[in-house]
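Heads up, the next two complexes both have chain A, just with different partners, chain B and then chain C.
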Partner chain A sequence: MELRAFYQEHYRAILGTTSVLTLIVMWELLLTFVIPLNPFFFTKPSLIAVAFKEQVIHGALWSDLVVSSRAFLWGFSLAILFGIPTGAFMGWRRRAEYTLDPFLTALYASPLVALAPLMIVVFGVGLLAKAMLVFLLSVFPFIFNTFAGVRSTDRLLINVVRSFGGKERDLYLKVIFPSTLPYIAAGARIALGRGLVGIIVGEFYAASEGIGFAISRFGDTYKLPEMFAGILVLMIGAVVMTEGMRKLEAFLAPWKTSQQSR
Partner chain B sequence: MNRLANFYNEREHYLLGGGFILLLVLAWETLPRLVTLPRGLTLFFTTPTRVVEAFYQLLVENKIQHHFYVSSIEFLFGLSLAIAVGLPLGLIAGRSKIIDAMVDPYVTVFNATPRLIFLPLFILWFGIGMWSKVMIVFIGAVFPLLINTQEGVKNVDQVLVNVVRSFGANEWQVMRTVVLPNSVPYIVAGLRLAIGRAVLGVVVGEFFGASEGLGYMIASAATNYKVDVVFVGVAIFMGLSLALTLWVKKLESHLSRWRPEETKTF
Partner chain C sequence: MPPFIQSRNISVVFKPKNREPVTALNDFNLEVAKGEFVSIVGPSGCGKSTFLNILLGLIKPDTGEMQLNGAPITGPSQERAMVFQEFGLLPWRTVAANVELGLELKGIAAAQRAERAGELIKLVGLSGFQNHYPHELSGGMKQRVGLARALATEPDVLLMDEPFAALDAQTRDLMQAELLQIWEQSKKTVLFVTHSIEEAAYLSDRVIVMTARPGRTKEILQIHLPRPRDYEMRLTPEFNDIKATIWNTLKDELTARSEYGA
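Moving on to the complex of A and B:
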């Protein structure tokens, strides 16, 4: 009886873990006993685990990760610094919205990653091109979500602050900023995914270091376990960051269970 | 004067938006004529007229049609495959709590990870031809479709389901009469996202290990400093994305025209 109650409470976690474990075990068993393993084509979990240990725990992949994170952080910070003020400006000034919105929407809707080869030719294969690519891809969620956040600020709250003699500064600090923050956090989650795309494409295309480069190099040299280990590292990083953003969102706006975003 | 002001006030929205874009294009066009650019920069610089000329040239010489064709085929195959897999899986996962719980870890992980990371693997598995691109388009587009379909199915009005059940409907009939029509807006929203991912997949997939397609055209033009050709490719992708987005929006309002006005946008 207690077991059933436990299952009822945690059935999602139990079933999820079971399905992942089943897949891993099946994968391992199938390639060990049923299908002969062709190491140039496929690999199995035990080999990936060995490669993971070697690459991550013994640190062969760390320098690549550092290189990628540096470019990512530069681009992402630049996107925050540029995107939030632009979005806020569009939210405050109606004419600024009219002027900028069509242009920026068109850019947001189009696959700007197509500019990657040009950016690499112009800015070189180093940090600058990758950072610019990350910036270009991740700035739009910040712009549009800040814009939406400022626009959706409750007029009533603004009027209340005004009626109680609040100054312009109080308005920004006490109403607009807090009510926009959850939108920005939601934007940051989208920007994160797009920024990762930028890093990966930049490093696939032309680089001599970085996690994307490492993965494509392992692919080129048929080191499949190492390649899967690299993908695994990237997956873990992406999930940790995305879930972190989600937590941040929930923390900043506990009254909103799910966020509408563009 | 007053009429002019009226004219402006009525159309301020469009005038400002269109005017700004026009201004940018004009500035881009006239910049090299007003100031002499440093020599290093002229190599990477082009003007809108040169881009249009390059586009015309490529069309006349029949150089772009084949690339366009290849990219479209990859896009269509990948997206159709994503719809064929994502939609049913989303419907099932939305109706069954057990399958939802079992699929959830994979969906979460793959959705958070940029799926482009599988490109080297797919090139290894499917070769440098069309299929590795189709697969990268597929894996990019399938998750938004799956997640949105599932969300739509979950948000179905339980009262309606119960009504249909009381009248003796089986699971298939419930699906067809209540669940599917109700999830249409979600599915279309998912389709919109999926199209974006699919275009991304086509572009990036063709950057590496390809010998045809628009992405390949862009990449090889960039390495040969043919900046105008790069912008031709980028402009085509921009135009296609905008057209497809508008089309999906149209589809959305068409499919949900029977809905009361306030529930149309979710």
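Moving on to the complex of A and C:
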């Protein structure tokens, strides 16, 4: 029974692929044979595929992608640069924690996309406003996860390094930093999702280019296949980045991979 | 000439927030000669570990003084090294890198560190595991790494805080035998905290029995068993007598504690 052995070996991948393919085929069949297609309101995978191909070859897809990525990278990098030191500082100094905590908790709990209009008023339409929105949304996971990582550093390991003559600098470099890294990587994964929301909402709200703008424009003009092509690009980007983060996490904390959850 | 290690009238009071202060050690006196193997037994919470931590330099006594070689101990130093009960290995470091920790903090060059670590890994029987991470090792192997790490900096005093308590009985027997062998060769001064009367009797030149909290020296017992010791000695009537003596001294302290409901 070679087939069974093959299934046993790869059944996770097989089941996952099958479910996705089934959904696509059902969608296609449903709209082709069951519901008479009104292309104004509905679209189907075959049309999306054609639109996607067209966009990739002739369309503005690539330039949109570049525009969105640039704003995203600026905001996300800023979030890393600001979030990690802030979280670390809060973890080391209880007074810093107590001072900053009310603001951070309130901001983290609130739907910050509500600040999109403000960003545009302050920074204008364009790269800066979008980057700031991405920053606002993605900075909190970095702050909180770095904070949690620093706080949960094992006291025993601190004592071990001290007992061998380690100075304060050694404690940071040899214990606190490496033990916080996996927390930061996990935070980055959350920040990624929030940052993508930031870029899309920013472009929905006020922009003249970018993936979010393209999706919104195609939607407004009832070009559903093209709109879905944009969404597809977004999904692919998100999955690739999230998986990349997961790989990074496993690389940074090989001792944690066995107990890692999704 | 002053004794090699001298604990003079040491008292330690812990003052936890919102709770009654706890006197861990009260007027604790002890003298240890160079090269001696001394075990400390006593009820839980009697301050045994606190005593080791003072010797290590991580805790400062409230009154009294701890001296090594006639000089007061003011902080950690590589002339003293601890083997921790919970191993205290850095999970992001390989076996070799863990063993090298003390040498690294001392500023020894990488090539020399590697060479020294290699010798010690061989000494504790972990050849071939240099590049393994702690999570890939069994408890016994982890504590071998802990022992190698402590020996790497060539300390004069080896402090061991219930080092084998987390190991299963057979691994424990094995580790005791190997510790004795290493001690016979290196003639380090060892202070060994344990809950096991048998372990204390088997390993030590002297056994210090401590009182219940606040801990003080109740009795000091010389163990007149020949060296080198072997496992068969544990089966002799003399050994049983020694165990009985320690047990009878300790017994009252254990019941004294239970009166406090602890």
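Criterion: the second predicted complex is superposed on the first by the 252 of 262 C-alpha atoms of A that agree within 3 Å, B and C clash if a C-alpha of one lies under 4 Å from a C-alpha of the other, contacts with A are read in each partner's own complex, and residues count from 1 in each chain.
The criterion applied here is as follows: a residue touches a chain if its C-beta (ideal position, glycine included) is under 8 Å from a C-beta of that chain, and two chains touch if they have at least 3 such contacts.
Keep in mind it's a predicted model, so treat the numbers as computed, not measured.
**Q** Taking the superposition on A as described, I'd like to know which of chain B and chain C A:39 touches: first, second, both or neither.
**A** neither
**Q** So, does A:244 touch the first partner chain B, the second partner chain C, both, or neither?
**A** A:244: touches no partner chain.
**Q** Just to be sure I read the superposition right, which of the two partners does A:121 touch: chain B = first, chain C = second, or both, or neither?
**A** A:121 sits against chain B, while chain C stays out of touch.
**Q** Scan A:216 for contacts with chain B and chain C and give back first, second, both or neither.
**A** first
**Q** Which of the two partners, first being chain B and second being chain C, lies in contact with A:59: first, second, both, or neither?
**A** neither
**Q** A:85 in the overlay: touching chain B, chain C, both, or neither? Say first, second, both or neither.
**A** neither
**Q** Residues of chain A touched by chain B versus by chain C: which partner has the larger set?
**A** Touched residues of chain A are more numerous for B.
**Q** So, does A:11 touch the first partner chain B, the second partner chain C, both, or neither?
**A** Only chain B is touched by A:11; chain C is not.
**Q** Can you give me the overlap between the chain B contact set and the chain C contact set on chain A?
**A** Common to the two interfaces on chain A: nothing.
**Q** Mind listing the chain B positions that touch chain A in their complex?
**A** Interface residues on the chain B side: 12-13, 16-21, 24, 44, 97-98, 101-106, 108-109, 112-114, 116-121, 123-125, 196, 199-200, 203-204, 207-208, 215, 218-219, 221-223, 225, 227, 230, 233-234, 237-238, 241-242, 245.
**Q** Okay, in this complex, where on chain A does chain B touch?
**A** 11-12, 14-20, 41, 95, 98-103, 106, 109-111, 113-118, 120-122, 193, 196-197, 200-201, 204-205, 212, 215-216, 218-220, 222, 224, 227, 231, 234-235, 238-239, 241-243
**Q** Show me the residue ranges of chain A that touch chain C in the complex, using the header's touch definition.
**A** The contact residues of chain A facing chain C are 156-157, 159-166, 170, 174-175, 178-179, 181, 253-255, 258.
**Q** Which of the residues in chain C end up touching chain A in this complex?
**A** Spelled out, the residues of chain C in touch with chain A are 56-58, 76-78, 81-82, 84, 86, 88, 90-92, 101-102, 105-106, 133-135, 153.
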